[in-house]
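Paired with subunit B in one complex and with subunit C in the other, subunit A is shared by the two complexes that follow.
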Partner chain A sequence: MARNPSSDAPNSATATAEPAPAFGGLTITQKRTIWAWAFLAIPVLFYVVIRFYPTANAMVLSFQEWNLLGERTWAGLDNYQVLFSDPVFWQVFRNTFMYLLLGTPISLVLAFIVAYHLDQVRFMHGTIRALYFVPFMTSAVAMAWVWRWFYQDVPIGLFNNALATIGIPQIDFLDSTTNALPSILAPAIWAGLGFQIIIFMAGLRAIPRSFYEAAKIDGVSTWTVLWEITLPLLRPTIVFVVVLSSIGFLRIFDHVFNMTTANPGGPLNATKPLVLMIYQTAFDSFDMGYAAAQTVVLFVILLVVSLIQLRLLKDR
Partner chain B sequence: MTTTTDDLTIRASSEALLKAPTPPKRRNTAQFIRWVLLFGGGILMVMPLAYMISTSMKWPWEVYEIGLIPEEPTLENYTYVLADGRFFGWFINSTVIAAITTISALFFDSLVGYTLCKFKFRGRYIVFIAILSTLMIPTEMLVIPWYMMSQSLGWLDTYWGIMFPGLMTAFGVFLMKQFFETVPDDFLEAARIDGLNEFQIWWQVAMPMVRPALAALAIFIFLGNWTAFLWPLIVTTSPDLYTLPVGLSSFGDEADVAWELIMTGAAISTLPTLVFFLIFQRFIIRGVVMAGLKG
Partner chain C sequence: MLRKTRNTLAVLATSAAALTAAGAATAQEQVTIEYWQYFFEARVTAMDQLIENFEAANPNINVEMTHFPYADYRTRTAVAVPSGEGPDVVQLFYGWLNDYIDAGLIQPLPTDTFSPEMVEAEFFPMVQAMERDGQYFALPTAVRSLALFYNERLLEAAGVDVPTTLEELVAAAAATTERDGAGNITQVGFTTGMTAQDHHWFREVLIRQMGGEPYTDGYRNVNYDTEAGRAALDFYLGLEEQGVTQSGFMDEPQAAFRSGRAAFHIDGSFRIGALEGERGLRWGVTELPANEEGVRSNYSSYWVNAITSSAEGPEYDASVLFMEYITSPEAMEIWLETVGELPARSAVGMTDENANDPVFGPFIRGLEYAHTTIFADESAQRQVLVDMVERVQLQDMDPGESLTIAAEAEQAILDDFHGE
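Moving on, here comes the complex of A and B:
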């Protein structure tokens, strides 16, 4: 590397630069600005071409009619009108919110209970923590197969076999319109629990010990400490976990697609979430404009749900 | 209790977890019940994985037995599945794709994070907000335009087509920007006086100082790409190019499922990440905490 004598002299660190051969009389600030944009050039191009342009494209496409082969023709609000008058969409909408409204509270409470107690356990702490965390490291597709096998009828499925040995009649897990959605939700909750536990434990450890010591001196009960100290101080962590897990459940796809493969989203659309509907509209029916309109609806739902949660949980 | 690996793990796992004081002494029975329930819950959590591995080592006639321990454990299923060639190819695809995207994302995310943190120039706030705002856009909204783009550029059914959306991540930029805040400007100034150019300062001085953050980010990105499903499913059509999740999913169309072979396939796509976890446990836990607290 060639040293540049004029700009490297210690006293040139002041902004009054002397003429330098390489950059022809630029100040240090100007040179650094050039460096900064050189570093940012490729990433900025990437974000414009791979993120912003496609976003705009999806929004425009949602007002158009296109089947991948012919012309993109303007359709105005047709796609949205068709969508909102489609009974399947409302079923899908209900399902999507069922995943959210069951999944988030259940996983939140379970994760908190485990984290709260695990925080106070010393013996084999790391091992127990690892046991809870390991499912987070798995691929949803592989685990969908494992759980699918568990849910099969006798003599194949593990759960029904276990029920049979204690004399309980077999349960139709995946082929029943009432059982299928919770059956798919269970592995989704199972897989994400470890992550939430770790986040909660970090949040618990970040609470200053002095609060607990003060409470102890005052002789306050464990429950009061939990409600008056731990949970209020844990609010930022709770907000984070709730927002992240809601977004996850609203975007559920891998588990549903892989556990109902023969009839994705079935039986009778009872398990179909919005992302699966988008996938089928776009890549089975090639109705790209209609699918784009559905993605815009998903985008709006995610935005609204996150904003409501941040509002409700933060300013109280 | 003497110093065990558990203790070491706790100690190293994160700044927040480091501050763990010795918990107050409690009545021993209550503490014991708490421990047993927690441990039992943990065992329940890994049961699906235990059954997956156990079934992958069973002979076909034993598959529907509830027992966890195979009577005559065998690796026959693994030999069969790997000899078939498809799984091996998918394994290679997944590994290569996850490795390349991880390297690219680490490089660019930290370069951008560093630039936005350590350079003062007009427009940097706009660039930061613009990149961050992409976190609000769900991938599902982008896959349709990406597909159209790939189709017109001939990227469908290529490695490049699977990889291009993941070459940079906004989350990584945000995480790295946070961590570069902890690098003192004095070090960079000293390097500048020593005559290093800006790229060298970033690469040789700043990067080594944020190694823990890089390790955490690398694990997240690699795992994310290894288990990615929706986009690889959309962009690939020829079985040769499937990644492990897409390949595994493709068996769903087959009428007759050989469960012991499916469990072997599931194990092949899960065991590497589990082994990885056991080796790098403390980094991974710390990474989760970092990402959680910073994100």
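Moving on, here comes the complex of A and C:
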């Protein structure tokens, strides 16, 4: 980097009549800003091309009609009007929130209980922790198909065969409008548990030992320690896990799709989440504009839910 | 042995065709055309063979085949063809054709080579759905129809004959159903599942056998909310009520049949290949059962080949020659042998040898009385019938009410598609 001598000259009036190059005439702050933007250009470009452009495009598309083949034509608010007057959409909307409202608290409580106790276990700690983590690493597709087999009727289903051998009537797991959603949610919770446990354990380890020692000296009960020390100090971890798992449950797709491939989201739309509806609209019916409108709705839901959670759980 | 002789004959026949066509191939320089289809091993093998024969006969034409997984196929073709990057000749599901014609992505076949009179005289009648304003836009190599598969061991064990009517089917299915001590079905007489092929069986076979017509006005109007539709639905639901089937048994109907836990199963000719490799399964196949008056019906579907709008000049000429070859009797014989799909030309299909073949025969004979549903959105229209049955089975809705809801829902899909 050759410096331009003219920029260092105290009295530029006496300097040559030749005008100073543009960059040289800038103040240090301005130069810093330019350099900062130069380095930022790559991530900014990346975000614009990979994130913002498709997002904006999807938003525009939600006001259009397009079947992938012909021209895009403007449809105004038609897609949204159809969407909000579609009973299937409201059913799907309810399902999506059922996944969220059942999935997040159940997985959160289970993960915390396991992590809290696992934290105190010394015997084969690493192995047990790894065992909890294995489902998280397994492919959701493979897992969904194995669970789908578990849920089958006699003569092949694992659970129903077990029930039949002890003389209990079969349960319709997936072939029922009431049982199907919880049946699909169970393996989804189980699969995500390992990840949440690891995060919780890291959070627990981050709490300074001295707090517990002080509590011990004061003779405080285990419950008080949990309520007054552990949980309040775990707040950032809880926020992280809640936001992440909520987004996960709002976007649930692979478990549902693979456990109900013959009748996706069935029976009678009882298990269909919003993402599956979007997928079907886009890639079965090729109604891209309508699918984009559904995507925008999902985006708004995700945004609102995340903002509410961040606000409610914010560290004051 | 037989295949080898046929293939040798095929090459000879192609070479003979090439000599006559040599004058037609205007471009002397090398032309490369691209052909796309979805990936299914037997189809790719068959097409490799066809391309080899075609190239041997047309040394100045090079055909490159590209294939994609089925799940991506429609999206990829839809994106590639408009951008001009796509194939010259493309394989499409017959139900997609209208969309492709409307978007101007495929061009009509030249009438001198593919005259409507010739196609109507030589191909099975359902191919006529590919015609628009006196020109054909696409033609299939092969077609598919439905038939009744049966498990020979289970029939022998129960001492029942192969059924030819619906009544006999129900009786035979009852005789072959088995239950455990608690009353759970452990082997079904007959597989059912609207999610598999039953929706076709219901629409084009049962409703017609009950005296109805599932659609009117060229498949634009739903016409099964009628006495006949109700009778068809009652018959279908009655199968489970009589205890000869259980929908969702072993997850999928074809899985139950393959594993030998189902005596009867309705499926398409494309299932033959999968069943042939199944060890320990002794199966046969017969025409779909007739009704009491002997009326039969069937459903047929097919994949077509079309020339895309990106083929121009020498590529277009080469594409026409290629289309001519892959819809020729010889190509159909190769396709039947390799893929197990039925020839689209009646003269090829209805040879004594093919029509009396113990495996292909029932399907080929079924083609004569088969109907092809013109779908606006096949998966959505299937879903309507899936839901119709589930409302009755899972929510105890009155079948008549459920039928009415289904007819209205399907009409809405058709109206939406036809812009009404």
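Here is the rule we use: the second predicted complex is superposed on the first by the 267 of 316 C-alpha atoms of A that agree within 3 Å, B and C clash if a C-alpha of one lies under 4 Å from a C-alpha of the other, contacts with A are read in each partner's own complex, and residues count from 1 in each chain.
The rule is short, and it goes like this: a contact is a pair of C-beta atoms (placed from the backbone, for glycine too) under 8 Å apart; a residue touches a chain by one contact, two chains touch by 3 or more.
Here the structure is a predicted model, which means the values were calculated and not measured.
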item	value
Clash-or-fit label for the pair subunit B, subunit C on subunit A	clash
Contact breadth on subunit A, by residue count: subunit C or subunit B	B
Touched partner set for A:G266, first subunit B, second subunit C, both or neither	second
Which of subunit B and subunit C A:W147 touches, first, second, both or neither	first
Which superposed partner A:L69 touches (first subunit B, second subunit C, both, neither)	second
Which of subunit B and subunit C A:Q280 touches, first, second, both or neither	second
Subunit B versus subunit C as contact partner of A:P155, first or second or both or neither	both
Partner chain in contact with A:V114 - subunit B first, subunit C second, else both or neither	first
Partner chain in contact with A:A291 - subunit B first, subunit C second, else both or neither	first
Partner chain in contact with A:S176 - subunit B first, subunit C second, else both or neither	second
On subunit A, positions contacted by subunit B and by subunit C	68, 149, 155-156, 262, 283
Footprint of subunit A on subunit C - complex, ascending	74-75, 78-79, 82, 99-100, 102-103, 105, 180, 182, 184-186, 193, 195-196, 246-252, 261, 377, 379-380, 383, 386-387, 390-391, 394-395
List of subunit A residues in touch with subunit B within their complex	1, 3-4, 8, 10, 13, 29, 32-33, 35-37, 39-40, 42-44, 46-47, 50-55, 57-58, 61, 68, 114, 117-135, 137-143, 145-147, 149-150, 155-156, 158, 161-162, 165, 187, 190, 193-195, 198-199, 201-203, 205-206, 209, 216, 237, 240, 251, 253-254, 257-258, 261-262, 275, 278-279, 282-283, 288, 291-292, 295-296, 298-299, 302-303
List of subunit A residues in touch with subunit C within their complex	67-70, 148-149, 152-156, 164, 167, 169-170, 174-177, 262-263, 266-269, 280, 283-286
Residues of subunit B that touch subunit A when the two form their complex	1, 5-7, 9-10, 14, 16-17, 19-24, 26, 31, 34-35, 37-39, 41-43, 45-46, 48-49, 51-52, 55, 64, 66, 108, 111-112, 114-115, 119-122, 124, 127, 130-131, 134, 136-138, 140-149, 151, 164-165, 167-168, 170, 173, 189, 192-193, 195-200, 202, 223, 226-227, 229-230, 234, 244-246, 248-249, 251-253, 259, 262-263, 265-267, 269-270, 273-274, 276-278, 281, 284-285, 288-289, 292-293, 295
